[in-house]
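Below you'll find the structures, each written out as structure tokens.
Shared between the two complexes below is subunit A, which pairs with subunit B and subunit C, respectively.
For the complex of A and B:
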């Protein structure tokens, strides 16, 4: 039987981690596949340790980003740079759309408006997670659960998460 | 003078600082903390509270979506709803404060969930704890203003500690709570002048001097003319109707439920003390008087007729469980009386009798029933009544009388509006 997406990802990860372990010796606790999966889902009780290791290892970050894409519900690839000059240009795919609007009361605040056409049970009941992948860095952005297929977040203009979402070079990944 | 609205929570009072109409269908209504980008956990619930269908805010106050800023996080539950509803009412009146109470301002602290279909205030949890956390704020506010109201659901009154019983007001319906908004109470006297401008019975004042003279002469005539609109024993005829007298109405009545059908709901006394004066045209004044047939010996087989006192265009409330009949008479100019339910906005042309008009009594007597009565200078057809009902469908309840009067004006029909409430206890 062919392995499913997650199993395949796990196999790859285990192989790479194993090779890494052989090539390096380190006193640090090895990052397990499950650690990254739980980090993606936001379930790690103490994510800081994993994040520190992620930040120290380009290889780990690449694996993390690949895992995110493998577990994704939908993706929006980086935009062609010339396609827009609009700083608040959104994304549109068959599965979701992401728009940005400035608040009329506090102009330094911007809404990120996410619309999911066919949401999963998790997205409707719990929360919605987007990843903005840019330069081997994965920014995790959580939105409240959907109401009528929509959810939104409000950011200060200079919020790093917003900047990554807006950046046309980011790959936006929607988790199930 | 501002009205500051606070939510009583188990962490202390939370101020509703401002409400901003986002006016954007793409953006859901939200609650943010202190104007920052931090969204309250109740944002989703607030969005549902606003939107048509599940909510009430859009239905009653219009708008598309709102952003409300509050001073502290509110984490969960629905007990913020009553305060938020009142804040929207205050915002619509232009009097919502920012939570920083100044001398002479008014304060409302509220806790309660809202049944958005029935416009009822539902009980909530931990009311004693919420009240206990108010003490220091109450002391602080007492230095600045006497006008502090603490509103809790009537079904939570049993939970209230003795020390707080005299300080809190219980509310069962949203309309009960709305009465604590200062502007609604004040505007009843202020708006009488504005209403004169809208009222078809009043001449557009090209010539204010002679108009004022007419007012003065009329007032003098009424005062000294020795009119008695209704005797305490008899219902006046249509021809004899004029200014109502202040009659004592017996409200001390027991408890029994009976039947009768109607369509009216909830009290939102938008009626202002409209003082109509004779215009310079030939349009006759439009006054109505109401009398109630009340049970004798708890049965409707024998009844006692009581004239209902009217004040500021509002007839004295009557207990439903003692009511056998309601009758109206009108001044000579009144050709039709239209009943409009305050909540459902159902419209009904009242049937005329040889002595005037009769008001059909409600089928259900389990809740208070409130309605408007429009005395019209012309006949109205059924199709016109249906057309009015359709026009009122999307009108927020708080604007029903104004929009109805505008509608009549567009048909060149003069109107006077009165209100009445039938009580279920």
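For the complex of A and C:
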């Protein structure tokens, strides 16, 4: 066979086998940026798989945190450590406030009270999502939809989500 | 999002790249999967043919339009919003996003009938809304390659000129080139092709070399001679021999071309045009490269298990008259080998156990194919019912594929009569109402429709639990066409069993002989583990 035709046959072979290869399932599906965006939106049908990968990869966690901030409706940066001993000191921004109140009946339970001044349709109609970013981990906390700009969620005191919300070092991000 | 160890599969692509494309096919969006299978396959074609120059440039202009449009770009992260939050990546949503014309100083971005017209300070470009799907897949891939691309584009493209856009395209192509050199090294594929050609020469095989004996001989030779090319796997050896046959066949078809121009050779540059390679490759190739895994999504036309079982039969179906036995060997012994390979990762004792297990027989496979064929028949009936309930005239065509011939003739005669008498509106509205009269007078047709209803009601899979909306109906026609194709493919194999029964004491004696051949070869390949 002439050399140029041989070369062309080789190219056809390489391209076709390559395409076959790209159509095969691999041992480990990649995590795309879109998967992270869907995780933030709460749209992943099986979020556990992505969360496992996130926990194993610092690069992915950083990207996830960066996306959360880019998609944010409002943010509250980490606070200067409170000068009082008030462990339940909340947050206040121009857009939202987050306060904490111990349950009078069950002392081990604490309410997180969220107030949003100009809510989005999503927050009023569906649910409100906050992220607490701390030490390159992002904790997703969902609240019921707003009524008159307010919503609340009850937690056990040792609930990790509450701990992250309360922690003054956390960056709190409110999603649209 | 990288950081995995590079492991190049027998297909010449890295596991990382496989993982990315698997994710592109399955990543969710606003409704169902984010990307269309055809768009993901198109990007795969661009990459394997190294034909991504034009797409990179198009993507540059599209990103420029997104960033510089007064309304679309009025966002702190316009690309993130456009491609990921709003997913303006279908023609309809794309048109909606750009519905308002944007005119800022000497920039103009306006939606025309056929395209988005983009005019910058020193350039003009038109983008069709039908391209945005492919370009969004490409962008997702690029961002996976390096996450900082998005920010870089957003920083550089505000009021960028033509030179800057082309510079971006050029940088992107360079980076893709380097990335693909690592994840799809051409050298490995070249070695494989040359190894096969040398063997063909050594065995003095020429045109028409693709037979069951040749495939088996090549595997037995290559598996013991050349471990580094992964030819221990029967599936790899068969795949390479078939692909070599296809490639050489293609060359022979073009042998009479007066010059190499038709193959895309640029005589001056001394290289083949990637664009022409893509055209020739995918124009020549039949649908055996088609990936039917979309049929396992929503609507679920097939289960994943059914598709996994059908895949080898489907992939090689255009060769099936000549190498049916090899395809059966692939389905059964290829799977047996995969089990042994998996066992090898665990323990030698498990390898011994797997070697001594009998694989499914050819008769079992025949039964399984027949069962899948029957299951497909039920899904086709359910689709027919959906068309009928949604008053879509396609139900008649669907119905005619599984009714008895006498009933089909009656339906055709009825249609003709309806059209001639003018009783049917030209757009076929009211066809279902008219058809019900036929059903009343023809019990067999009535029964066929009743069976369709039963099939629909018994189908609990996604897409069949409730009737879909009228706007969603087209995918059911695609499903019907692909399912019909699969039935035809299965029928060819089932007829092989019938023919074999007549000729060679049946499939079972062939199977017994093949078990002996494969077991002997597996024992040689995995023999060290076996003996330990």
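Following the convention adopted for this analysis, the second predicted complex is superposed on the first by the 146 of 176 C-alpha atoms of A that agree within 3 Å, B and C clash if a C-alpha of one lies under 4 Å from a C-alpha of the other, contacts with A are read in each partner's own complex, and residues count from 1 in each chain.
By our rule, a contact is a pair of C-beta atoms (placed from the backbone, for glycine too) under 8 Å apart; a residue touches a chain by one contact, two chains touch by 3 or more.
It should be emphasised that the depicted structure is a prediction, and the values quoted were computed from it without experimental measurement.
Q: Just to be sure I read the superposition right, which of the two partners does A:150 touch: subunit B = first, subunit C = second, or both, or neither?
A: In the superposed model, A:150 contacts subunit B only, not subunit C.
Q: Could you say whether A:93 touches subunit B, subunit C, both of them, or neither, answering first, second, both or neither?
A: neither
Q: For the overlaid complexes, name the partner, subunit B or subunit C, with more touching residues on subunit A.
A: C
Q: Regarding the shared-chain residue A:71, is it in contact with subunit B (first), subunit C (second), both, or neither?
A: second
Q: Once chain A of both complexes is superposed, is A:10 in touch with subunit B (first), subunit C (second), both, or neither?
A: A:10 sits against subunit C, while subunit B stays out of touch.
Q: Could you tell me if A:33 is touching subunit B, subunit C, both of them or neither one (first, second, both, neither)?
A: Only subunit C is touched by A:33; subunit B is not.
Q: Applying the document's definition of touch, where does A:79 land relative to subunit B and subunit C: first, second, both, or neither?
A: A:79 contacts neither subunit B nor subunit C.
Q: Mind working out whether A:101 is in touch with subunit B, subunit C, both or neither, as first, second, both or neither?
A: A:101 contacts subunit B only, not subunit C.
Q: Taking the superposition as given, does A:124 touch the first partner, subunit B, the second, subunit C, both, or neither?
A: neither
Q: Scan A:167 for contacts with subunit B and subunit C and give back first, second, both or neither.
A: neither
Q: Give every residue of subunit A touching subunit C within the complex, in rising order.
A: Checking each residue of subunit A against subunit C gives 1, 4-35, 37-38, 43-45, 57, 59-60, 63, 67, 70-71.
Q: Going by the contact rule at the top, pick out the subunit A residues touching subunit B in the complex.
A: 99, 101, 103-106, 109, 111, 113, 144-145, 147, 150-156, 159
Q: So in the complex, the part of subunit B that touches subunit A is made up of which residues?
A: For subunit B paired with subunit A, touching residues are 20, 22-24, 26-28, 30, 32, 35-37, 39, 43-44, 47-48, 67.
Q: Across the complex, what residues on subunit C touch subunit A?
A: 1, 3-4, 9-13, 15-24, 26-29, 34, 41, 44-45, 47-49, 76-77, 80, 84-85, 140, 143-144, 147, 184, 186, 189-190, 192-194, 197, 239-240, 243-244, 246-248, 250-251, 255, 260, 263, 265, 272, 277, 280-281, 285, 289, 291, 293
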